[in-house]
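Presented sequentially are two complexes of chain A, the first with chain B as partner and the second with chain C.
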Partner chain A sequence: MNSAAFASSGLKDPRKINFERNWVRRAVLASYWVVIVLAFPFWWHLTSIERLALPTSQVRTQVQNNIVFPITVHFDGSFTHQNPSIVSQVHTLLRDSATSEHERWKGIDLRLRGADDEEAFDSYTVVLGERTSIAHSRQLRVSETDAQSAKRLSCLLSDLIANSESSISHSQRIVQYSDHYRLAFTLLHENATPRRFVETWDVQNALAEFVLPLLSKLSVLHNFTVESQVQYHAPLAFEPKRIFLGETEVSGLTQEDLTVFINSAEWTLSSSVSNDPVLHFVLFVPSETHAPLKIIDGEGRPTSQNSFLLPQWGGIFILNDELDSPSSHLSQDKLEPVFRNFAIQLAALLGVPPVPLGLSVGERPILSDWQLDALLRRRALQNVQGTQDTLYSIVKLVDQIDNMPVGQVVRDDILDALASLHEAYRAAATSPAIALRWSSKALSVASRAFFNPGMLALLYFPAEHKYAVYTPLFASISVPLVVALIREFMA
Partner chain B sequence: MLRASVWISLAYLLTPSLSLENYKEDLRVQPLRDGRVSTAFSFVTVLDGVVPRNPTALEQPDESQHYALFPLTLGQILREYAITELHLTLNAGKWNYDDWGHPLEASVRTGAELWAWMGASEVTTVDERWSGLRNALSGLFCASLGSLDSRRTTSPVVAFPLSGSTPPFAQHELRHASLPSENVCTENLTPFLKLLPCKSRAGLAALLNPQKVFDADWHGMGVHVIWKEGTGVELKLTLQAVFNPARSSAGKRRDWSLQSLFDRSIERSCPVASSSSVSVVLPEEVNYQITPQIAHVEGSAIYDLSSSSNSTIPSNIAMHWPSEHSFQYPMPPLQPLTPLSVKRTLHGTTQTRGVLSVSITNNSPQEISAGYLEIIPALLTLWMHTLEVETNSEIRSDLLSDLKYQPPSRQPNGHLSPSMVQAVLTIPPKSTLKISVEVNKAFLKYTEHPPDAMRGWELPGAVFFPLPQSANNISSSYDWEMIYTPTLLVDLPTPDFSMPYNVIILSCTLMTLIFGSFFNLLTRKWVVVEIKE
Partner chain C sequence: MFPMHFQLLQACLLLLACLTTLVVGTSNSSTSTGEHAANFFGRHDSTSGHTNNWAVLVCASRYWFNYRHMANALGMYRTVKRLGIPDSNIILMLADDVACNTRNKFAGSVYAEAGRRLDLYGENIEVDYRGYEVTVENFIRLLTGRVDPSMPRSKRLLTDDRSNIFVYMTGHGGNEFLKFQDQEEISAFDIADAFEQMWQKKRYNEILFMIDTCQANTMYSQFYSPNILSTGSSEIGENSYSYENDNDIGVSVIDSYTHYVLKFMEGINKTSQTSMQDLFNSYDPVKIHSHPGIGSDLFHRPLDKALITDFFGGVAQAEVFPSQEDACLIGHHESGSTSLPFAPESGAPSLPVVTSPSTLTVEMHVWDSQWKEVRKWFSVFVVGCLVSWVSFVR
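Entry: the complex of A and B
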């Protein structure tokens, strides 16, 4: 139909109508697409996950680094006078040991100095004495016979400086480092009856006498909260073996029994108030039917041991003494063996290195500075390794999982951990105690970053879920839009 | 610096905190007039000479805690958050004041109720410690106390005053919250029993058989810690249960014995209890028998069970009515046993509006003044201008005085705090006072609904409490104690949670349809088609 026909029929030509022009239609279509294109960046920004860049290269270099504690051992003049070559002999022996036992000497840079060298301020010294012993702080006295043997000397020094973790079970019983521990002392009756029960115990004086000196020594490493309670009914979860020793009958605990000794369902030992690790020390009073309760060895014979240690948990002492029923009070004297034992168990749990064989401790019996320094070094080294592992894991995890958000908090924590780690490396040269404090901070900040709850946010909301919500709207809307576009291009 | 702190902490450790501990237990049994038997256990541990922790010194290390009888797990919580006074109750059921009278332990609010008095401090705020306390207690008692957050917390100091003494060290503040929907069950009783020195193995607590206690018509437990100057910290653990022997016995008799109520017996006494006794409140009628026979003291029979007493432990205490074939419920109308009876209802037909009405009846021939406390979560908005007080079908606004209304306020975490209404009511003798107020129900976001959204929300009960005695008050013969009303269920507008994906698809289809037609209209090319004839 031509325009004339339109005119004659009285209808308008659709092509002449204002809104039916081609460019109007195209503008409408284009405006839709412009909105979509402009909206896309906003949508992308709003639905994307915040993933800040982590200092990956810094983490990788720090993981390569190692903390090094320089140690200087000074040999006294009287010593070298006797046998001038002894220092170099000891030095070669120690160097051999360092290369063969790499793990043990990790992080230690040992130097030996003879008499002629300038004496450093806080170095360890070895002098001649009447018998082999640890004298005052950081001084080792060696008897004349021991001083002759380079082997003996190198053995002593390596045990004092780099204590070997003799077996895996030994190193596994040490609790993980924390700057605050709760020590819970419990007097636990299996079953209190009027004939066999302790109503009160002189726990505060016993603690002050036997445990607090150790705690004050260890206060460089940890803070402690001490608490105690008495429980009158705490049954065992198993029935101990009955064994006959001639006339008398005793109850026995086998090695398997010891592993399930703690009845955590019925003994109210746990604390719900803080996240600090708790070390439990239990004085167990067996019931009338089970007393005396002995620990038996592999061949079924009762041993004289009354106590045992549960790795990373605490210690238990079984009270087999006769109780004089009317008083029902444990005095400090009676508690002495118990609390001496608890102090030893506590030292073992915290990883205090033992004094080498054949070495008397001298006038300061609790903990020598040699042991304390070795402990500080070991804990600092462990913390540094823990921090390195944690940081490396975070970086690897973030690399692997694309949907994992990384917020400012996590990034700051990682930077903070790296800085603390750096400080720890620097402080190691001067003071192991300061190095430990920095390494402990680095570890806690690194684990805080690792366990940051913000990193989990989208782990359980996968992209597929998003598409399932979007498709019903966007797929059906896009069809007319695309078709109109194609039609416009075809025309 | 380090050395100094070491010595300070050592000094703390060495401080001899000589505390004498004392433990008492008792059980009170009272036959009720409707054939039920009310039993109330109370276990009291007193720490002599111990003072609550001073909250202004919270950053310093605390003195070490050494307890023999006091539970360490609770002591740690009290000291960690420097709590001066603590009350926690977990109850199930509705206490029938009219037939049972006042309970032996006053706190009988349905569900969980927790209130604590704490000293203010700049180290950590009272609210931070309140939140820590809630979480620690919910861990200890396996209860959902963690949800007692700012949406439920208020500070009604008149109704819940300090029951002990006020420590001199700080200004004290109250935090109170209740959770009516909390279910009380065995998992709460087990940790409760662990707080007792003899657990449930000796002494009175040996009777506490969960199967029987939780089968009772009403049961509840409470933990109360108060500090009294001159005495020390007192921990009182209570457990109440109302049994119905006429229901459980075959012959519908109201005879009871400890064995039949609890299905257990006391075999030995707790060796550390300084006193241990069972007292039976004897009914006023005379046709009963009680075994074993014992001399009566002021209308009750008291049996001493402590290990120090020479008498042997009575194996079973029983009461029976030999002349009665089966128990006959007393005929109504019965005079209520408490001077006040309260009814509270929420009515209205829609899901958006309603009327909260409370009717209080004074059963005594004397005028009673009562404090009235209503704590309403922000689920309901009260229209205070519609508040009406009515007695004998006439409006009497003068009977309600000292009205205090605290509207809901937005908390820093975005939640709304509850609204609180506090007033003094004067109820004329032998008459009923009716209070009504219109309410709006909230429209919640879908994430704010609980998992069982269709069930509705529970509204905590109102509290009526005697006012502090003033000098001119003479109504001592009508002594009464705090009264809790039962909870109410609010039906809020609830969305259909069952098919979110269907809803997405349906609404998207609709949107596409609308979009498609618009788009078509805008971009369609109109042509005239010539039809050849």
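Entry: the complex of A and C
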């Protein structure tokens, strides 16, 4: 069709129409493409996930590292004088034990020194004494008879320095490390009938007398918040067994009953104001019908034990004493066995190593420096391992899950954790307490990185979903644009 | 006309190639098989080894006609609470819009059986995530622990490596997905990844995953983390049906699978020695009207040794402490072990046993990702064919 034909048919020649002119058409087409090209980087940026590179190689090297606490045990001159070869004998025995029980001696670099060596500043010392006991800080007194036996000495030293958590029940009861703990002491009446009713208890003084010394010793490891309450109605969820002992009748708790003793559906034992782990200590006053409430052994006989422990949860003490009804007040004296008991349970829950058998503790019976140091070392080691595991799993997960974003905050936290870990390794040589503080910081920062809310991986979309979203949108827009472009080039 | 067509086709294919490179641009993970095998299973030995129990109960649907899903979750809530999990350790995610629904003739009550004998809503119920808070994101955040720092304790899963977790989900679902409140869905991959992240951060000892939805067994098909026992109400391609209607309430009140599980649980008390195997044996496909599935390949204990109370109960152990004998025993043990310097290590013999299933799963994994790759490119090919066909016809 030429222009004459357009004119005759009354139609305009398309080449003459304003918007069909070549340059206009090209400009229109170009403007579309310009917008697309300019928008592309934005689209790319907005739809991609921020995944910063993590210090992977650093994490891998730090995971290989281990915290090592050098320990020097100094044998007193009087000691070696008697039996010169004893130090080397003990040394051989301890080395054997270290190779056979690797897990127990992990992170400990033990050195024994005889009398002739120079005494280090804060090393442990072994001296001869009247009886085998822990004297003042970091000193072990050994009786004459014990001093003869290298086996006995190595046994004592290994128990003091690297307490084994071999038995399962033992390791299970220890709570996980945390900076803060809340201790909730509860006086719980099953039902507050007049003869089994304690109106007040001298909890503050009892705590100050029996528990606070332990807490202040452990304050290098944890911060404690203490709360206490009295509750007047706390029914048991089961009926204890009745046992007749001659004329008296007692209620018995079997081992099974102990596991379900806590009636969690109806008892409120702690407030939930913070996220810190809570350790519960319950003084239970049984009702008149159930008193006295005894723990019974496998053969159904009541035992003399009044208290039991739930692993990682807390301790329970059953108050079976006759209450003198007029006062209905538990004085500090009456609370003494209870709170002494709670203190022992608390120490066990927090992983304080027990004093080895046949060893008497000197004038300060709460917690010797040997025990505290061993606990510090163990907790620091656990924290370091926890940090290494966490860091490694972050790296691994980011590698494994493609949609997981990694922001600046996470990266900073990981770097911070690595730095703290490094400090912990360094501090281990001088002070286990400082090493613990660094390791605790490393663990909390590493956990914060892991739990960063921004690390949530996008939800899974199969590839088909992506086509289903993108194809209808882009195919319909792009086909006319591309075709127009091609035509333009062909023309 | 042919060259024109040809060029059009070429252009279309070019465009498609661009699009697909954008979309497909995902790389595969490169976890080494060795460390996978070493980490697998190897945390605790044959006993359960847990010291605390947690439960996450999710009702993923809302609205009045999904009454039965609310009742399912509340029935489970009542059971775990009765068996000793404290409220602070139960995370209940519930749309919670039926108890006080205007269509509910029995205001403030939810019943799970036609006779309305037991009010599940009751007086003492703690819904942690309610209404529009029940989302896929919140659920994943809850599991992985990636919650806002200001989140209260009751909405957090504060578990550790000694925690046994019971995860129950119910709602409307399909092949490898579960719908959340009619607006989004969670896929089996999401849950599997969340569980893996929990395992890496030592947030559980063992998990029991139970799900009641249509094609429920597909939901645990993607799990790859150890120590997870899973069970679902129906096979792929199967529906899960409700159990009964209440004529006064006017809707179905409970799902069949959950009904029979709860009925079995009614016979269990806190100190029961009934095992998970007994629960699984009680499944009757005829009564349930679907085939419940059991996924135990990731679980390292024999099912007849795994107690129901390991997952539904409260505490596993208690010890009389402090006692004199305890101290003696410990002392004895230690002196014994030092006199025997070359005691056999208990961890060693279990190693060859654990490697075989894990290598299997790794192989499966590789094969899986290859299949995904094939699927991807096949779909690209199909779209390309369609476009070229359309342009030729024109």
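Here is the rule we use: the second predicted complex is superposed on the first by the 426 of 491 C-alpha atoms of A that agree within 3 Å, B and C clash if a C-alpha of one lies under 4 Å from a C-alpha of the other, contacts with A are read in each partner's own complex, and residues count from 1 in each chain.
Just so it is clear, a contact is a pair of C-beta atoms (placed from the backbone, for glycine too) under 8 Å apart; a residue touches a chain by one contact, two chains touch by 3 or more.
Because the structure is a prediction, the values reported are computed rather than measured.
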Partner chain(s) touched by A:Ser274 [first = chain B, second = chain C, both, neither]: both
Residue contacts on chain A - larger count, chain B or chain C: C
Which of chain B and chain C A:Ala429 touches, first, second, both or neither: neither
Which of chain B and chain C A:Thr390 touches, first, second, both or neither: second
Which superposed partner A:Val35 touches (first chain B, second chain C, both, neither): neither
First (chain B), second (chain C), both or neither touched by A:Asp96: second
Partner chain in contact with A:Ala27 - chain B first, chain C second, else both or neither: neither
Partner chain in contact with A:Asn341 - chain B first, chain C second, else both or neither: second
Contacts of A:Ile49 with chain B and chain C, given as first, second, both or neither: neither
Residues of chain A contacting chain B in one complex and chain C in the other: 272-274
Chain C residues touching chain A - in the complex, by the definition given at the top: 4, 7-8, 11-12, 14-16, 19, 22-24, 26-27, 29-31, 45, 47, 49, 51-52, 81-82, 84-88, 124, 136-137, 140-141, 144-148, 152-154, 156, 158, 160-162, 186-187, 189-190, 193, 196-197, 200-202, 270-271, 314-323, 327-335, 337-343, 372, 375-376, 379-380, 383, 387
Complex interface listing, chain B residues touching chain A: 2, 6, 9-10, 13-14, 16-17, 61-62, 64-69, 71-73, 76-77, 80, 136, 139-140, 194-195, 197-199, 201-202, 268, 270-272, 307, 501, 504-505, 508-509, 511-512, 515-516, 519-520, 522-523, 525-528, 530
Residue numbers on chain A that touch chain C, as the complex places them: 93, 96-97, 99-101, 151, 154-155, 158-159, 164, 166-170, 172-173, 176, 237-238, 255-262, 264-265, 272-275, 277, 295, 303, 305, 307-313, 315, 341, 344-345, 348, 354, 356-358, 389-390, 393, 396-397, 399-402, 447, 450-457, 459-460, 462-464, 466-467, 470-471, 474-475, 478-479, 482-483, 486, 490
Residues of chain A that touch chain B when the two form their complex: 1, 6, 11, 13-14, 17, 20, 25, 28-29, 32, 184, 191-194, 197, 199-201, 203-204, 207-208, 212, 215-216, 219-220, 223, 225-230, 232-233, 268, 270-274, 468-469, 472-473, 476-477, 480-481, 484
